[in-house]
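Multiple structures are listed underneath, in structure tokens.
Both complexes shown next keep chain A, but they swap its partner, so chain B is in the first and chain C is in the second.
Right, the complex of A and B next:
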């Protein structure tokens, strides 16, 4: 038990060291800091989805909607309400989270494939709204005309707009906050009931756990985290894209979670890293990258259903 | 105004007929095998392109007869190799696999046939409008609706009166008992999948004659088919039928009064249905959970 604990601590330390030093080792490996920032944000999104998918066992296939809403929330806040990066993040998180909470009440009674189907369909509602409401959202072209703002702490300013490394550390700080909150929730009694529901819903119900309410809370929390990640993504690009709400984006998030390993906390981050880098690389060498991404989906499902981390843990055991 | 309304209602019915064909196939596969076939739109595209490829040799009628069964054969192969290993696992996996498959089919057809739309020649007498007044009712449109009607009728007869149909219906309710009675459930699932893909192939041929072919056309029909199933009630094929026609007409009528919302209206319908009748119009108790 003690050896196990210290091993966990070592892994945790290794992850944070790798993340903290990313701007230094990315460049020599042929990457660039902005790619690391993107991985971090999409990884956070995949982890937020996995909070629901892997730890509550509820299959949402429309999570891109909350991600995209987060992005639009941040963009609209910066463009129309306040020139402040923290407020933009707050705005995005609230938009994604509140919409998710509302819709959650409609769908928590569904399970399995039916939950997936209803979440896909509802996710598309927001896609259409973003697509059609051109006067507010810029329609097909996406929302432009906003930029992240330097952080003003009174005594000093952090220039996250032009300095890529500073921005990376800002995103890493936000990532750490969100991931810390997720880890804290998963360790709490509530987090344990989430896992209990995943393992055996009927038994949890017999134990007196209000299953529907807990699934709704888990769904809503996951939507807030998703909105948070989406807001960060808008800041990364200084742009919000309607395709960020589309169900194919949801599929990518699910893929990241599955490819990294749904049952592990850090799996989706690894999945996101592999997915983003692979997609970046494939789309630079071939116009038929869609086929290869599709093939990746098929191969992962058939041969690595437990994901990279699941595969590693299994072969070690 | 009445003419415009009539025009859009007709349009809605025709589009709805496509939704119905797509959604019935999806629904068959979903009910029996618990698989959301994201690649269903892809199979529609395959059916359309098969028709495009063979129609110079066998003509439109030959293509109409041959393309759907050929699509079904491809569907059988896909089911056998890719989907069968996933039965009994978390539905997440079949969802992801067919999702990737849809990508591959869309990109593959674009690679083989090019991104431009391809026309499929329809017989000249079908292309003419029936009257000058009602210019929008071409023979082909009536013909499409008739074909859809016949296909749906045959499907329901198959399910009602044949041994295969009875087994499919029984399997939808309780697959375990069906298996315990000594019925080959693997074969049943394969045949059921093939029937669903046959319908997708048929809608592909019909759509090719009306709209021309594009690699992306399947994706656009997928979401309305999902909604047709949810509105009609999961687990009920008559529900899917009515759901498809309903959302087709609803979006057609909305196009008259508020064109921007013609796509959004079907989602609003779904939300209203889920709020007031969580099981859908004809859904059975317990099917949704």
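Right, the complex of A and C next:
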């Protein structure tokens, strides 16, 4: 039991060291810092989805909606409301999270395929709103004309706009906050009721857990995390794209989570890293890069049903 | 004082009347066994008590309060716990974790995003006491899904006990068990009843178990309450014999 705990601590330390040093080892390996930033943001999104999928056992196939709303929330805040990066993130998180919370009340009674279908449908509603409402969202062209702002701490300023490394560390800080919150919740009594619902809904009900209410809370939390990730994504690109709300984007997130390992906390980050790096590398060679990612996905699902990280853990044990 | 008072409960599914005007009182500390041929409506009756679905008519009073229309989890919160014919547990969690979830919910921590040391220690202790009661304390760190069938049943009972129920509903606790396991579970239920004074309603097919445990036996047949009485009275009842022989023929 104790050896198990210390091994977990070592793995955790290793993950954070790798993330902290990313700007230094990415370049020699042929990468660049902005790629690492993308991995972090999309990884956070995949982990937010997995908060619901892997730990409550509820598959949402429309989670890109909250991600995209987060991006628009951040962009619109910067463009029309306040020239402040923290407020932009807050705006994105609130837009994604509150819309998710509202929608959640309508869908928590559905299960399985029906839940997935309803989330796709509602996700597409938000996609078409963003697509059609050109005067506000820029329509098909996306939302432009905003940029992340330097962080002003009074005594000193952090230039996250032009310095890629500084921005990476800012994103890593945000990532750490969100991931820390997720980990904290999952270790709490509430987090354990989520796992209980995943494991056996009927038993959970007969232990006195109001299952629908707990799924709604987990769904809402997941939407807030998703909006947070989406807001960061808008800051990465200084741009918000309606395709960020599209169900194919939702599919990408599910793919990252499943490929990395949806039963593990860190799996989706690994999945996102593989996905983003492959996309970056292959898309410079062929326009059909998605076929290769798809092929890899099929292989992982066939041969490592617990995902890449699940496989690594299994072979170590 | 009655823990449970069921007055003229009927459940229809379309044209089928699964339970027809059944009444039953369970006194505090009593062990009441429900028997009956297959399809007699025993499990439907159990589902009505535990709130799987509401009855078509009739009322259910639990601890003096009308719970006829309450949702399942609200009945559980008021002190009603049940196990199932097919064991319902959290297979990928350890025995300890299975019971801990039950304890945390019972202690009102289910919505809490944190738990402090004193509370965690109290939960821990309660889990251990419960596991000792069903003799699973030595297997606390095993995954429930990997345990033998009898131990899984015991784990499910432990989860029910962890809720500190006023009434325990056991749906065929010895289903699918060999003689040895049946004996162990029977002894466990006997201890819970005799030593810990639990009020228990159970459905059971194994007559040895029923006659060994029950204070009172209720016979359901075709959705009706055919007879109630002590095990000796039921054994001597001609209508009961006819129902069983009839269904066997």
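To be clear about the criterion, the second predicted complex is superposed on the first by the 314 of 317 C-alpha atoms of A that agree within 3 Å, B and C clash if a C-alpha of one lies under 4 Å from a C-alpha of the other, contacts with A are read in each partner's own complex, and residues count from 1 in each chain.
The definition used in the following text is that contacts are C-beta pairs under 8 Å (C-beta built on N, C-alpha and C of every residue); 3 or more make two chains touch, one makes a residue touch a chain.
These numbers were taken from a predicted model, which means no experiment stands behind them.
Colleague: According to the stated criteria, A:211 is in contact with first (chain B), second (chain C), both, or neither; which is it?
Modeller: A:211 contacts chain C only, not chain B.
Colleague: Is A:200 in contact with chain B, with chain C, with both, or with neither (first, second, both, neither)?
Modeller: second
Colleague: Just chain B (first), just chain C (second), both, or neither: which does A:251 touch?
Modeller: In the superposition, A:251 touches chain B alone.
Colleague: Which partner chains sit in contact with A:129 here, chain B, chain C, both or neither? Use first/second/both/neither.
Modeller: The first partner, chain B, only.
Colleague: Is A:6 contacted by the first partner chain B, the second partner chain C, both or neither?
Modeller: After superposition on chain A, A:6 lies in contact with neither partner.
Colleague: For A:295, decide between first (touching chain B), second (touching chain C), both and neither.
Modeller: Only chain B; A:295 stays clear of chain C.
Colleague: With the two complexes superposed on chain A, say which partner A:286 touches: chain B (first), chain C (second), both, or neither.
Modeller: Neither partner.
Colleague: Going by the contact rule set out at the top, does A:114 touch chain B (first), chain C (second), both, or neither?
Modeller: In the superposed model, A:114 contacts chain B only, not chain C.
Colleague: Is chain A touched at more residues by chain B or by chain C?
Modeller: Between chain B and chain C, B touches the greater number of residues in chain A.
Colleague: So in the complex, the part of chain C that touches chain A is made up of which residues?
Modeller: My answer: residues 50, 71-73, 76-77, 81-82, 84, 88-93, 97, 100-102, 104-106, 109-115, 141, 159, 163.
Colleague: Using the touch rule from the top, collect the residues of chain B that touch chain A in their complex.
Modeller: 30, 34-36, 82, 85-86, 89-97, 99-104, 106-108, 111, 223, 226-227, 229-230, 234, 260-261, 263-264, 267, 270-271, 274-275, 278, 287-289
Colleague: Can you list the chain A residues touching chain C in their complex?
Modeller: Against chain C, chain A makes touches at 1, 184-185, 188-193, 195-196, 199-200, 202-203, 205-211, 214, 217.
Colleague: In their shared complex, at which residues does chain A touch chain B?
Modeller: 53, 59, 61, 106-107, 109-114, 116-118, 120-122, 124-125, 128-129, 132, 247, 251, 254-255, 258, 288, 290-291, 293-298, 300-302, 305
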